[in-house]
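You will see two complexes here that share subunit A, one where it goes with subunit B and one where it goes with subunit C.
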Partner chain A sequence: MREGRDGFVPNPILAGLVGICPLIAASRNLAVGVVYGIGAALCAIALAAIVPLLRSVISDRFQVPVMLALSSALALAYGFCVQIYSPAIAADLWIYLPLLTVSGLSLSTLRRSSSPSRFSPDGKSRLGAVAIESLMFFVTAAFVGALREIIGLATLTLPSPGMLPERVTIADFAPLRILVSPSGGFILLAFLIAAYRALIHTGGRNLQ
Partner chain B sequence: MAVNKRDRIVENLAVAAALGLLALIVALVSLAADSRAVATERSALASAGATVTLAGHSDYPSYNRIYRIQTDAGFSYGIVFTFRSPVGSALVGAIFSPKGELLELRLLGSCASRLPTNPRDILGEFPATDRDISRAADSVRNLASSDSEAKS
Partner chain C sequence: MSYLGTIVTSVFASNALLTYGLGSVPEPGPSRPGSLASALALVCVNALASVFLWGVHSLVLYPLGLASLDVLIFTLLAVPILKFLSRAASLSGKGLLSRVGAQADDLVIGSLVFGVALISSRSGYTLPEALTASFASGMGYWLASCLLESIHERLELSDVPGPFKGSPAMLMSAGLIALAFMGIDAAFIQGMAG
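Let's turn to the complex of A and B:
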């Protein structure tokens, strides 16, 4: 995945396949997709803001361990906040809350942003590119969660606080229950990736 | 060379101190989250006129804390379980007698759509529930016997 000269930032999930395994395993409904997406986006943006500053302060041999420790700390702190906000959503996210460490780190522009300079060679802000990519990660996570729940169960779980998140029931039957399982999530993701790539190809963008 | 070595030691110590500070911040956030979780679980397990106190901890994945529920009629024990399956999760409050008999189940929270409304039917949706309930019953029996030994 490469940014074009016009500053086009490809979708990290649908074009870069970044963090898709925890995303699909976790985002079975809208509430979980939103909470997971916000967590990954916040971790990525915070790391992108802090890491370039640290690079000018600490030596090369400490950069990887410090970055990992920072990412883990951010993911853990976010996980505790989710537990306070909604124990039910935190329980549903389970091991995938600490795994935000990986999603936050692996958002691809973050790797490019770990240079001491705040700007890329073409003069654009690196933090801005990370923010755009993180926003797309969040929107896609929420969209995948919502689509799986609507098509799979005909319900929509809202990310409301408390033990029982509010739920909107669209129909009294579950149309395609397989979509809620991880295998169904990957099937849906494959269709979304195909649609996204077709759309990008039609627009003349290059994802190479 | 000696200066380089000293600089390295100073740098190592500085990074270790910074990471220690980071760990301390995470620990403080975790304490805040834990105290909030205890308050939420106590209010979820409480019934009219009951006093709920934290009686013990467990490192079992599906439950972390055991509560003592004191009422006028006597006392019982409460545990909040997290049950998970590929289609979702549920938070279930279980009340046990001091002998480890399951007295009551309450559905406290759920992110799993299309669950049955009866908590006892919900247990059938989660593969490991029987094992979890019997393990919790053992924990309650052990806690109750240590409580009675302490009283005597």
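Let's turn to the complex of A and C:
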């Protein structure tokens, strides 16, 4: 991850498209976006913390299967927690909870952690870099989920515990229902990335 | 649902890439999604992974009440077996088989194979239905990749506004293809047949 002159860290999700496709399919509303984002972030941070410790005790031949098993165990544990917290959100996320095993964020963390050094080539801590990337993934997932739900259905589903998450109704009609479908998700994300690029471009020109 | 309905739905309305977001929108590069080796690798890996996970889920874990552990068992058992098979194929030295093996090796650890296997095992399919659905999902992903790849080639020559160049234009195209695919499912085929 590169850092700009002004300390601005580019969003790896909008700029690098890390784990973008499952995010589009999973984040249909705020609650699901928040829970999916937290899951992906927690799994990536836990992997970044545990994998360097395991590297010294596991031979090179078994590292990939062991790390994948660890990733799936983390995804499974998070899935159980979500099931207890809110069965409705867990049902909404369906296969996307176990799929956190191979989410773009987890795989990029595993690739990053395969190097023996605790620091990335630019001298920063790998765990710190993963934590920032995970935070941005969470923010993006929650934002995309909220935006799709507000513009698409004029409602906002809160990530509250229990059988039925609380839902705030903003209007009595659905303004752009297509946004909650996967096709709407792809189109919305295309606009978000374009807006993000335009913003970065304008910011860069202003700095110069 | 008939087998034809399962195939049509898995290729179009429930497309692995455009509906479930499995795998990733293809980026321009040396891997050619349109090649025969790529299509065969997609179909073979998805079918093998789905059959394995269906067997483990339906015959072992579900009767024991441990169905939610399927992804862990899949990671521990199926991934090494699939990796071994794909590497053996890639080292065979025979033209097409070797290329299929090399492509399959890249696919095994990814959301496409995991996702298709999970959908096939958790959708209440019988074994032949799961096999058909996973086969069709592989074909659907290949079809979507080929369409996006050809659109990308055309977009390279078009005058796309600056911020939309590259991935946003591809995502926009993916959204429009997904919209078109949404209408083609088993009910559509039934309506056509009368």
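Everything that follows uses one rule, which is that the second predicted complex is superposed on the first by the 184 of 208 C-alpha atoms of A that agree within 3 Å, B and C clash if a C-alpha of one lies under 4 Å from a C-alpha of the other, contacts with A are read in each partner's own complex, and residues count from 1 in each chain.
The definition used in the following text is that contacts are C-beta pairs under 8 Å (C-beta built on N, C-alpha and C of every residue); 3 or more make two chains touch, one makes a residue touch a chain.
Note that the structure is a prediction, hence the values are computed from the model and not measured.
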>> Should subunit B and subunit C be called a clash or a fit once both complexes are overlaid on subunit A?
In response: fit
> Who does A:A41 touch here: subunit B (first), subunit C (second), both, or neither?
Replying inline: neither
>> Touch test for A:H201: subunit B only (first), subunit C only (second), both, or neither?
In response: second
> With the two structures laid over each other on chain A, which partner does A:A69 touch: subunit B (first), subunit C (second), both, or neither?
Replying inline: both
> Regarding the shared-chain residue A:A129, is it in contact with subunit B (first), subunit C (second), both, or neither?
Replying inline: neither
> Where does A:A77 make contact in the superposed view: on subunit B (first), on subunit C (second), on both, or on neither?
Replying inline: first
>> Is A:A142 touching anything from subunit B or subunit C once the two structures are fitted on A? First, second, both or neither.
In response: neither
>> Looking at A:A91, would you say it contacts subunit B, subunit C, both, or neither? Reply first, second, both or neither.
In response: first
> Which partner does A:A26 contact after superposing on A: first (subunit B), second (subunit C), both, neither?
Replying inline: second
> Between the C-alpha centres of subunit B and subunit C, what angle is subtended at subunit A's, in steps of 10°?
Replying inline: 70
> Who does A:I58 touch here: subunit B (first), subunit C (second), both, or neither?
Replying inline: first
> Which value, in Å, gives the least CA distance between subunit B and subunit C in the superposed three-chain arrangement?
Replying inline: 5
> Can you list the residues of subunit A that meet both subunit B and subunit C?
Replying inline: 69, 73, 76, 80, 94, 181-182
> Hey, which residues of subunit C end up touching subunit A in the complex?
Replying inline: 17-25, 68-72, 74-76, 79-80, 109-111, 114-115, 118-119, 122, 161-164, 167-169, 171-172, 174-176, 178-179, 182
> How about subunit B: which of its residues touch subunit A in the complex?
Replying inline: 11, 15, 18-19, 22-23, 25-26, 29-30, 32-33, 36-37, 40, 44, 82, 84, 86-91, 108-114
>> Show me the residue ranges of subunit A that touch subunit C in the complex, using the header's touch definition.
In response: 17, 20-26, 64-65, 68-69, 71-73, 75-76, 79-80, 94-95, 98-99, 101-104, 107, 178, 181-187, 189-191, 193-195, 197-198, 201
> Which residues of subunit A touch subunit B in the complex?
Replying inline: 28-29, 31-32, 58-59, 62, 66, 69-70, 73, 76-77, 80-81, 83-84, 87-89, 91-92, 94, 149, 153, 155, 157, 162-165, 167, 174, 177, 180-182
